[in-house]
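One chain, subunit A, appears in both complexes that follow, with subunit B as partner in the first and subunit C in the second.
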Partner chain A sequence: MREHILVCQYHENLINRLHHKQVVVKISDFEKIHPVCKQLNDVQVGLHCLMIQHNGSIASIPFHESWKGIPIAIYANEMGTMKELMGRLPLIRDLNIRIFLNSDLEANFTSLHIMASLGIECGLYFGNKEKINWELVNDLMTYAIYGKVNHAPLEPFYHLASHYNPEQHTDFNSVYFENPLTYLHIDHEENIAASSEDLDNKKFIAKGIDSLERISENNKYDEAIHAWQQFFLKPDGCAYCQAWRVCLGKFSESVKVNEGCKPFFVDMMEACDHFLSMQHKNKKKEVWQP
Partner chain B sequence: MANILLTQQCVRSCPYCFAKKHMADSEPDDILTWDNLIYIADLMEQSGEMGISLLGGEPTLHPNFVDFCIYLLERRFHVNIFTSGIMGEKMFNECERVLSGINPDRLSFVCNVNNPDKSSFSELENVKRFLKTFGHLTTAGFNIYKPDFNFDFIFQYVNEFGLRRHLRLGLAHPIPGKHNSYVPIDKMKQMAQRLIDYLPVMERLKIKGGFDCGFPLCIFTEEQLGKLYKHNIGRLSFGCGPAIDIGPDMTVWGCFPLSNTHKKSIYEFDTMRDIRNYYLDLHQKVRTEVGGIFEACDDCVYREEQLCMGGCLAHSYNHFLNEPNIRFKEIYQ
Partner chain C sequence: MATIIFKPTEKCNSNCIYCDVVVKKKPKTMSLELLEHIFKNMDEFLKAKPKERIQLIWHGGEPLLLGEDYFLKAIEFQENYCKNTKNRIDHAIQSNLTLLNERFLDIFKRLNINQIGTSFEPIPNLRGPGEKRDSVYYNSQFMKGINMLEKHNFGWGFIYVVTKRALRRPLELFFFLSNLKLSGGFMLNPVLVYGEDKEKIGITEEEYADYLGAIFPYWWKNRDRYPQVSPFKMFVENIIEKKRTNGCEDTGACAYGHVYIGPSGEASQCGRAGDWEMISYGNISDRSLLDIMSDQQREQFIKRNDILLNGDCKGCPYWEFCHGGCPLDSFIKNKDFMHRTFRCEGKRLFLEKYFFPITGIRLEK
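== the complex of A and B ==
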């Protein structure tokens, strides 16, 4: 079993205890990028990604050349204007950055469209699930998958399409570091949870960094990674949806007031099939290798 | 190069305006959205066309005008803007701050100027303010709509504001079924002579005049053609072909004077070439019905050899206005 990547808020003492682990570190200040990287390097902790919540526009971020090579996921409120971004786009494209915008603001759908078309890797994250405008999500997905002109990958659509297997289910939550098969969440007291929400709600599955070695034998962990099976114990609902395999019931609570998820994910599956067929079509002939 | 209409409103009311009909029929609040701009940019890039003209109405009336320009420039398009040069203080300041330093190989303006005698004081002041800042990026455009035109004032603009030493000469064309000012066919030779009279002064000032579409070759005498040939170093055009215009509502048409006929949705085509071929084919069909603006166009050897297209197609359409529908059906659509 592959070792889990640990997702945590930046906490100096905790980092010191995560020797040889891979981590996603959450920070909220761009000035901490270098000190955090330095500490991780000093104590031999592998950086999977820095996750930065920025309460402002992308245009207000002080992008810097020294960030080159550092994997960063930025969650921002909005894009800002082209005038404000002018001249900085080549640098942004050069950095190892993916920018996420919230679905709550409709203008963000256009912003993501703009950024992807300018070659900036970006993604949508779902805010208030009851108020998601699924038509806009669908438009963005259509551009992400069917767009004929080269553009940057748009998440989570690209992840779904590129990891899609028609015979299995595909979980796009990895894009947000929320898939317990790969990511576990830990706080400074070494409480471990299957998701950030569980960590916030103190719904822990284990305690202590050492417990990670035996996590596969942990019943709560096993329950967490098989939580999707619960949907099949109900007489109706998400498990019976045509698009179950790419959604896995992520919108089961909001579907009662906002039914748009179903047609979207049905179209998403079609797009995944299209993506797969294009990959087969464009596959280069490969002669046997020694 | 396709023309994208950012707005359908204008700040002027020129007597010759051949977009008049289109503007009158359009929703004034209809402006190009970001998503549609990206769609058009994708279509053009996919078609290998990396030059875009932005126009209106007045394109600077679009609230995202400057952002659109930056976006297209970031996508490596050459952006050409058709403007009156008349804009509000805020928009002007924004344009000055952001666009005036752009490399002239990437961004250019065509400023359509009218005779100062026919313009208000504030309009003139606005135009001069624009030319003072953007002169190095700007080619003056002048639309001829009467045979006794006068563009002396442009020479002053070129010298005072450092405009590009090229003058874009447009010939106002009729809008089929509408009234606008244009040079009547029987006065075209008089207009041609007036144009030739300007050549010595243009040569002295090293300003080249270039024809926009719709000038017929035979309005010039052999001697006049010789002078034009020398003036333009052999680069003479008497063409009339589809200049693809794309409206904010994503309709396309073959050129402004014909904007009330054959509008299609851009989504009906896969590439810019498909759009161009569609209108080229249509225009050719019309020319088989009426060769050009003169009767002699039907048998003209220069038209057959495509040295001249027989003047603006809009004149030909005027033939079909009040006749029974006896020709191929697309003509009357």
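== the complex of A and C ==
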């Protein structure tokens, strides 16, 4: 089994104990980027990504050349004005960052469209699930997958399309570091959970960094990675949906008041099939080699 | 290949609504002495037929109720009595998976079993233990079983039995089943009711055809996504790809290929024939497997093909992938094996009402 990537809030002492692990570190301040990277380097912890929640616009982010090469996921509220952003576009495109905007603000859908078309890797993250405007999500997905004009990958659509395999589930939560097959969440007391929500709710599956070595034998971990099967014990609900394999019931609660997820994911699955068939079509002819 | 439908136990930990093994019989389990005798017989059979293989399908009841020690004994008997023939014995197993544990998986590996057949039912209270058929408990145990299989790299496939209660929501159930089993596939089989339909679960041939017809347009459009769903896959292989991949009931060739051996050693043509006591080849305690496999009664299943081709099935364009259907189904209606089955009508209806119009394919004459 591949070793898990650990997701944690920045905590100096915890980082010191994560020797040789791969981590996603959540920070709230751009000024911490360099000190955190230095500490990780000093104690030989591998940086998978820095995750920054920015309560402001993208335009207000102090992008800097010294961030080059540092993997960063930025969650921002909105894009801000193009005027402020345009001058820094070459730098932003040069950085190893992906910028996420919240689905709660409808203007963000247009912003993501613009950012992708300007070559900025970006993505949508789902805020209030009951109020998602699925038609806008669908429009964005259509642009992301079917659009012929060059643009940067738009998440989570690109992840779904590029990882889609009709013979497996495809969990787009990986984009947000929320898939227990790849990511586990840990706090400074070394409590380990299968998701950030579980960590917040103190629904732990293990304790102690050492316990990670035997996590595949852990019953609670086993339950977490098979949590999707709970849908198959119900007489109705998401398991009966055509698009289950690319959604995995993520909107099972909100679908009761907002049914738009189903037509969206049906279209998403068609887009995945299309993407897959295009990949097959574009395969270069391979002639025998000496 | 000689296929032995081997039912060393009729006991089951489930009370599935469509299973009459439990209802009809007082469950019995095969003694170890008889088990030992059967392995000696298989060895004798294979020595007499050096080009032949045996497929031994462990069936039931629920075979895992036999316990790990029983299977270990079977391995011991095979090692002791089939030293030179064991490489021509292929084991397979049908289980509801609810009793699976890692010790069984080790045993299956020793028997070279790497694929397990099972069945599943999402509609509540059709499968499960007890009078009320606790399907929530049953299905959660089933899930643990498939997780264990997948963790240890065993394959699995399942049958879905289409009952009256499934008819309301064909496409939703199809989505459910295909979501559960993304790789490999499953079969949509009509429920078989022998005798009185006390639970009112039986379906007509027209209902079965329409059930398949409600799913088929979607399947056909997205067949790359769901390639392994039968009977659709089987029809495509037979009609379009010209392969002959019929199930046992449609081959017209079961006569000398199959045998059922029950818990008391009773022998019959196949599992259904044994369960429903339609035909007897005696008992393996008194007759050798060689004798049973060449019982004269089997000849009637060869003759049946000629009789049907000159009678019920004369001129039928679907003969090649139907062969008049299962002789046992003929017996249910006609009290003899020599007619085509009532299930032919379901196939014909499905093909003519859905398959050919939707695919645009025409059958070559």
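Note that in this section the second predicted complex is superposed on the first by the 286 of 290 C-alpha atoms of A that agree within 3 Å, B and C clash if a C-alpha of one lies under 4 Å from a C-alpha of the other, contacts with A are read in each partner's own complex, and residues count from 1 in each chain.
Keep in mind that, in the parts below, a residue touches a chain if its C-beta (ideal position, glycine included) is under 8 Å from a C-beta of that chain, and two chains touch if they have at least 3 such contacts.
These numbers were taken from a predicted model, which means no experiment stands behind them.
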Combined model on subunit A: subunit C and subunit B, fit or clash: fit
Which superposed partner A:Val149 touches (first subunit B, second subunit C, both, neither): first
First (subunit B), second (subunit C), both or neither touched by A:Cys241: second
Which of subunit B and subunit C A:Thr81 touches, first, second, both or neither: first
Touched partner set for A:His226, first subunit B, second subunit C, both or neither: second
Which superposed partner A:Pro166 touches (first subunit B, second subunit C, both, neither): second
Where subunit B and subunit C come nearest after superposition, their Cα distance in Å: 26
Contact footprint of subunit A on subunit B as seen in their complex: 33-35, 38, 41-42, 45-46, 66-68, 70-71, 74-75, 94, 98
Subunit A residues within the subunit C interface of the complex: 166-169, 222, 226, 229, 232-233, 235-236, 239-242, 244-245, 273
Residue ranges of subunit C in contact with subunit A within the complex: 122-124, 136, 139-140, 143, 147, 169, 172-173, 175-176, 179-180, 182-183, 222, 224-226
Interfacial residue positions of subunit A with respect to subunit B in the complex: 81-83, 86, 89, 110, 113-114, 117-118, 139, 143, 147-149
